[in-house]
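Both complexes shown next keep chain A, but they swap its partner, so chain B is in the first and chain C is in the second.
Now for the complex of A and B:
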């Protein structure tokens, strides 16, 4: 005779449980939208400069990158692109893992039972952190006179150094 | 009362017209085709499916793209060798697919934001999907011929 009752979504209890601590899911949701709008501008600009203007994809080589990164504008542009896009992508992949990967303990890793979901999210986190560090280091330690300037066509600029 | 089935409700007497009506046809026939819901099978679902597929594709390209760009820190020769493979016809077509995916993901993402934050967004979500497709076509009309000329020469 007992009827199971589901609390209304906007009841006091629902509000209380979400009010405790930082609501990471909410901030993730907001991040996707805020970064998304910025990325539309950054990526369309990136595609225009690299694929549409001038010789398009044919113009891209070491000297092309060196030319762009000689301008602080493109250093900031590419840094924002790297961080916003990779975190946006990784968070999107996390959503997909949450939707489709099992959370049941499945593997034994270091004497702990872990699910496929945990494995995927661990791989996502690791690859994201590694690529953010790698990408940032590449942008800020870039050396236009690396290797043989003859092959990069930058001998005139590099001879002066 | 609430746990009674429709059958018992129908048999409970002629007092209620609603139960009387149900009593006449106790069986629910199988639908001829999957009935669908407000969501399933229409633009709402398909835009979501495309958003996921394009998102995953762009993510994996991004992983590769960060690594290939990182070669500028190895040597000009290594970077040029890899980037030259991006100029081949097959990769040129791949770049076309990438731009289609990015264009859709970007425009549909803006549509999602408008549905979330714009007061009448949910009301116009179908119309906005059509606008997304039309804008994508306009965008590609500008990009595709120029990119094909770059890749195949002309």
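Now for the complex of A and C:
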């Protein structure tokens, strides 16, 4: 018995997908799953520490935040929360843009056709990067005594410095 | 003694009928700019299906009503349509299972170009299907049949049931957006060969589906699983293909 070898039919998509580098769709998908699981712990931990434990929601003021960020544990916690949640959200928004925003040329910029989809994704990337930089900067350069120690209720600690 | 049974003329047994109203989304490209809804009252029996109602309309009321059907018994997959907002096969949907106190809405499946009345252009659907190479790829030339254990056969049994009716793909909100997504049906048919122990082309198909428009666009909304008239666990099949891509092998 013989088996005829039949040529596979032409496939534009198969030709396109061969020989490419990293597959961002796959890693984006994995990132959503992994960060999602970690975020469940981080977010509910964050909510519990801030709103439930101790005096509860009444304890939140400038001094409370300053107290938390005096502890490296919460610096790491909040950094992880910031980066994982922002990128998770931005990636989710990116998939929505991919689904619903038009990829047809919307206007021409520097002799290149720009689509609504490109504009949205560019704005998304820019805002995410800016927020990540600003947020990280705040967490790591936070000094409770830079402002007005009188109003923050940290006079004693700041005076001792 | 003769034992001729005297056949009494059966007291004309009247099979009860009822009247159902069907509101059908009509579109004639030669006349209409936009599809329009038209209603028909049909006299039906309790055993009638939506397809029988459509036949009655076409044969007795309006011969211009256009729809696809072939075997009329849920095997060929020609008559998938949107009935009361759900994708079903007209030949497998009994009228009495629907709420006949209200009109029954019938329209073409969504996401594919509407051609006329209940007929859509299926070309994009079959192009995606062909792209996943839905045929056995094997280099070996065995003298006898290719052996497979019952367990190996069981692995892809669910996805062999597909009849390519497009009920799943045309119920997928991701497919509706731009029609570039491969769609559940193509992935189901790739699954059928990816997990077949006799096949050697799994890697090719996994590479094809590991695409921007491949399995990663699935948002697990389960519309496809709900729509499948064969009861295939479509979303599960897609998830298994995702896992196979991550593992790098079936």
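Points worth noting:
Just so we're on the same page, the second predicted complex is superposed on the first by the 135 of 161 C-alpha atoms of A that agree within 3 Å, B and C clash if a C-alpha of one lies under 4 Å from a C-alpha of the other, contacts with A are read in each partner's own complex, and residues count from 1 in each chain.
Assume a contact is a pair of C-beta atoms (placed from the backbone, for glycine too) under 8 Å apart; a residue touches a chain by one contact, two chains touch by 3 or more.
Keep in mind that this is a model prediction, so the values were computed, not measured.
By the touch criterion stated above, A:76 is placed in contact with neither chain B nor chain C. Applying the stated contact rule after C-alpha superposition, one finds that A:25 touches chain C and leaves chain B untouched.
Considering which of chain B and chain C touches more of chain A, the answer is B.
Look at A:123: by the touch rule set out above, it reaches neither chain B nor chain C. Shared-chain residue A:109: touches no atom of chain B or chain C. Contacts of A:133 after superposition: neither chain B nor chain C is touched.
Shared contact residues of chain A with chain B and chain C: 1, 3.
Interface residues of chain A facing chain B in the complex, by the touch rule stated above, are 1, 3, 33, 36-37, 39-40, 43-44, 47, 51-52, 55-58, 60-63, 65-66, 82, 85-86, 89-90, 92-93, 96, 127, 131, 134-135, 137-138, 141-143, 146-148, 151-152.
Chain C meets chain A in the complex at residues 130-131, 133, 135, 137-144, 174, 177-178, 204, 207-208, 210-214, 216-217, 219, 242, 245-246.
Residues 1-3, 5-6, 8-9, 11-14, 16-18, 23, 25-26, 28-30, 95, 98-100, 103 of chain A are the ones that touch chain C when the two sit in their complex. Within the complex formed with chain A, the chain B residues making contact are 2-3, 52, 55-56, 58-59, 62-63, 66-67, 69-70, 72-73, 75-77, 79-80, 83-84, 86-87, 92, 95, 99, 102, 106, 109-110, 112-113, 116-117, 143, 146-147, 149-151.
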